[in-house]
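Going in written order, the chains are labelled A, B, C and D, and every chain counts its residues from 1.
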Amino acid sequence: MSLNAARGFASDNSATIHPDVLAAIARINVGHTFGYGHDDYTLSVEARVASAFGAQASAFFVFNGTGANVLSLRSACRRFEGVICAETAHLNVDECGAPEAIAGLKLLTVPGLDGKLTPELVESRIARIGDEHAVQPHLVSISQCTELGTLYTVDELRALVELGHSHDLLVHVDGARLSNAAAALGVSLSEAAAGADVVSFGGTKNGLLGAEAVVLLNPLLAHDFLYIRKQSMQLASKIWLRCAGHANAMAARLAAAVGEVPGVTITRPVQTNAVFALLPAPVIVSLQRDYPFYTWDEAAGEVRWMCSWDTTEDDVDGFAAAVRGALAR
Amino acid sequence: MSLNAARGFASDNSATIHPDVLAAIARINVGHTFGYGHDDYTLSVEARVASAFGAQASAFFVFNGTGANVLSLRSACRRFEGVICAETAHLNVDECGAPEAIAGLKLLTVPGLDGKLTPELVESRIARIGDEHAVQPHLVSISQCTELGTLYTVDELRALVELGHSHDLLVHVDGARLSNAAAALGVSLSEAAAGADVVSFGGTKNGLLGAEAVVLLNPLLAHDFLYIRKQSMQLASKIWLRCAGHANAMAARLAAAVGEVPGVTITRPVQTNAVFALLPAPVIVSLQRDYPFYTWDEAAGEVRWMCSWDTTEDDVDGFAAAVRGALAR
Amino acid sequence: MSLNAARGFASDNSATIHPDVLAAIARINVGHTFGYGHDDYTLSVEARVASAFGAQASAFFVFNGTGANVLSLRSACRRFEGVICAETAHLNVDECGAPEAIAGLKLLTVPGLDGKLTPELVESRIARIGDEHAVQPHLVSISQCTELGTLYTVDELRALVELGHSHDLLVHVDGARLSNAAAALGVSLSEAAAGADVVSFGGTKNGLLGAEAVVLLNPLLAHDFLYIRKQSMQLASKIWLRCAGHANAMAARLAAAVGEVPGVTITRPVQTNAVFALLPAPVIVSLQRDYPFYTWDEAAGEVRWMCSWDTTEDDVDGFAAAVRGALAR
Amino acid sequence: MSLNAARGFASDNSATIHPDVLAAIARINVGHTFGYGHDDYTLSVEARVASAFGAQASAFFVFNGTGANVLSLRSACRRFEGVICAETAHLNVDECGAPEAIAGLKLLTVPGLDGKLTPELVESRIARIGDEHAVQPHLVSISQCTELGTLYTVDELRALVELGHSHDLLVHVDGARLSNAAAALGVSLSEAAAGADVVSFGGTKNGLLGAEAVVLLNPLLAHDFLYIRKQSMQLASKIWLRCAGHANAMAARLAAAVGEVPGVTITRPVQTNAVFALLPAPVIVSLQRDYPFYTWDEAAGEVRWMCSWDTTEDDVDGFAAAVRGALAR
């Protein structure tokens, strides 16, 4: 694809930095300050992020989502402990083995339902406690929203957290898109994370400049985190902002616009900023000539369309028209 | 210290992002593109960086200096291989054990002379080859310029590289400040790295926005680097620029200005953008009230002053006057 | 259970050291020799083991099966590479996460059929080649015989090896019970491993004193193995022997004896020295009072009975009678 | 050297298994029992070993000294914590980088005096507490007796333990030859370890069959050790015995016999079962034709002679005569 790729639906990572973010950086880009996250800007933004998750929470900026996830795991687990997660979890399929190679941890996967864990699925991996030949489950990792764009209700999430805690397991929320989840549920970030012990909180996908954070809601995890972050090559200074509700609204608009086109089948509940759909293979190829987006499942003909903070109504309507046109041919 | 710390000499990390960099980011911050370093901007900047190091070189952006160093080591060594470096190397003292914990490698340290290795020092650790009880030396890591602000001449560096290669060792240059070294030596970046196999090339300390690169001059190391970068949580997109000569000039000006003040002893050759000096302890304390800088060696009373791309002549002259004043009291 | 546990069927690890082994150790237990595997005894036994696997093979003793497996993986893979294996593989379920924590590798599991891989199952994980976000498959690990007592025919194994090699994957055989497999197939050890690149070759379960070996059939893997073994804390001197055919025969006898008892269902093909069966829960509990054996699947009521080099016909017949008696009550 | 190497002084690892050990193994080598260290023999021996170190201690057998050391470190430290030890420590020079590669820990070395730490040396590395860029010291590792055959008095050791504890550091004793130390000091094993938190307790060098133990005197370390041992590939069953006083006596006899021979200089205090001496190079070569022993420092002409549980007075006297003869030529 060309240098200035068309405004497509490939990934919410393809959007630019939000102009307000760049403006804010330019505004504070004067004078000297301390590096390594000890400047007052970073400290005050970290404090604001933390306070969104409760009085006991602390927040630490890292570079990217892989970093946030792997450092969350390192803060919670020792190397003989295991992490229960869905097979579809980003942790399991898209980190190039960092949980295993860098944190040294085994993932105890379950199949998942549209990317979601259930108490029954989690319980199926709470086994062999005290058996030295088996990794000991210590953390449940839940993606809110999931990699398939689905959502946990606050009650569903709370049930998983309670189940975990009742078995002395800690709970991690991979919140790369937690803002989208909160916006979709109409709740605060804190409620969207529902009592978890540690959250990977994503900013990059919402227009920030490489800003992801690890939020430690469980104060017992905070004691050593500075060392883990530095040693894990994730120490810098960063800032934060958010504009997630709009992306969700655009996904809903897109699903509505294409969902009734003959030949298009929406395959997953559209609950946040992702739309999954089945299309005939030649239609996919033809659309991808003008609009970047990913084929999710080649064999099934399933595609994924992501909306971003900067997706416009015109973007959505134009694309829906293109889908209709391609199917009509 | 206050939110807008005075323009001190604590670290070249304390300077802001160079305004040209922010402007360049703003200029390209439109439309959509591919994430994860596959956008044309990143690819073309990586190609430009690589070409500065020769036709066979390839360059990969990472987040920070720790990342550049640890990934350089991971690309060159397996876990039973060792890295010969100076005791003062940043790798050894300031990475919170990342070389050991993340790359799994033992550092084979030697004392160093003003932070520099010599062929004799390196040869003293090329021992026990073929002895399975000992880590096998595989990489020599040299800081250009060193953590003490000293420089290798091109000939000195070439001699180390030749020594390493004659023993089948690879050579790494920690070039967090390679631009300062090149500017001080009056040579190209490529000459300042003198045939090394892999270079940690730093941009952050020269006004960039978190831009560090691993440059692989030895093409055999490039094959797997994309996986190592992703797994090591260092994959993003970044851009690059440089303005190192000015920082060196300001350090020379500072050394000249304070070097003849009674009570100040310059302790290391001032060859790049660092000045090390001995001062009476109460003078240090008094100066630090207004100017941030680090005490390097508490017991000896040795301090370090770093100049940046944005250090002005007025900054230097004002500080020199303050030193003179404090000593006069 | 008491100090001298009854002669049960818990594990082929429960049997004693073969008396011939102890006698052989006593015979050579005079004078001095070199430690760390450089004694002539160890070297000559390693050479004999290696020669059983072909002229290019080399063998290295390690302490236990976990060590043999993890070191096989370390010799074949770098940390961004993945290992395709069955979900039931010992590697995946019974090493307390050592492949992940010590070798730093992700296991790419498939469900397996009675513990066996098929070419189709392996191919389903050869995906995302060249995608830096995904672990790159590099090794197929096959258990011969499997953890469920089933066997690969030589043709089945050869097909898997050919599939792997055609995709540039290496092949590992977890041969903790390879002697039992060879005896059951009536072929040599070399044929039972069918062109694999690396074999974990087990001796402990056949009456040896903690003797397991890594056999490197692919000479490219041998170069660095001494360092990997020492660093992985697996260097000592050991000796080897084998008596596997008898154990298989006893398992066949046991299956025949209990297979027709009403209330007993044999659940897996009895191909080596393991018998799996369904029994009513109270019968299991009652039998375990006198005979140690493991419940394999609590929910289903499935148990596992292992025969050893020292299982006698009387042991089998007595136990079969006890099963019959317990079910009659 | 030939298959049945002469009875030399290369290493206390070269001696055979003590015949009483083999006899004891043969005596219990009947019937079945549980594997993986859960048999009554292992449990009762582990309890006996533990009780030698106090009522709160627990003991766990591992395979070898590298395993005991690395597992001691893993039980005590997280990966951002450092281990203060002497440069000459076996941990630092003879484990092929296992502390770094397997435990992920940085060693903070000090020069040592004849292999011994002093409170001043330890204090020199208790620095940068709370600085996230530096590994945080967490464990002091002391070899008793040292790799140079020297000993800590009980008072010296106690002072180091108290210093460590006063700084919230744990203390590890590498006791590969702790029995020799206890015999030389005329104190119990417990006194020879003087309040350390964790001890690598060696049996192999005293005639045992690969029996080394990790003894956890600090009960806080015991909770997770079973998982660490299994995951670190060090789980098996083993037995224990000891006969160290004799080896020390033979070393004293050897030192006395050769110490007054013109041309021989004893270079280290002979406090346990090692003798270090300077000899002319041709004499070393000539002696090594008949007696295996190691050259410790090629440049200086320093050799090491180790005595074992099976070194006889005749062995010593014959060797001393050979030294005398070689020097006379």
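Here is the rule we go by: a contact is a pair of C-beta atoms (placed from the backbone, for glycine too) under 8 Å apart; a residue touches a chain by one contact, two chains touch by 3 or more.
Given the structure is predicted, the values throughout are model-derived calculations rather than measurements.
Undergrad: Could you pull out the chain whose C-alpha mean position is farthest off from that of subunit D?
TA: Using the mean of the C-alpha atoms as each chain's centre, the farthest one from subunit D is A.
Undergrad: Looking at B-D and B-C, which one has the bigger number of contacting C-beta pairs?
TA: So, comparing the two chain pairs, more contacts are at B-D.
Undergrad: Roughly how far is subunit B from subunit C, going centre to centre by Cα mean, in whole Å?
TA: Their C-alpha centroids are separated by 50 Å.
Undergrad: Can you give the whole-Å distance between the Cα centres of subunit B and subunit D?
TA: Here subunit B and subunit D have centroids separated by 41 Å.
Undergrad: Residues of subunit B that contact two or more other chains, please.
TA: Counting only residues that touch two or more other chains, subunit B contributes 36, 79-80, 95-97, 101-102, 104, 132-133, 227, 230-231, 235.
Undergrad: What part of subunit A is in contact with subunit C in the complex they form?
TA: 79-80, 82, 93-97, 99-102, 104-106, 132-135
Undergrad: Looking at the complex, which residues from subunit D come into contact with subunit A?
TA: Touch residues, subunit D against subunit A: 36, 78-80, 104, 132-133, 136, 224, 226-231, 235.
Undergrad: Touching subunit A in the complex: which residues of subunit B?
TA: Spelled out, the residues of subunit B in touch with subunit A are 1-8, 10-11, 13-17, 19, 22, 25-26, 29-36, 40-41, 63-64, 66-67, 70, 95-98, 101-102, 209-210, 227, 230-236, 292.
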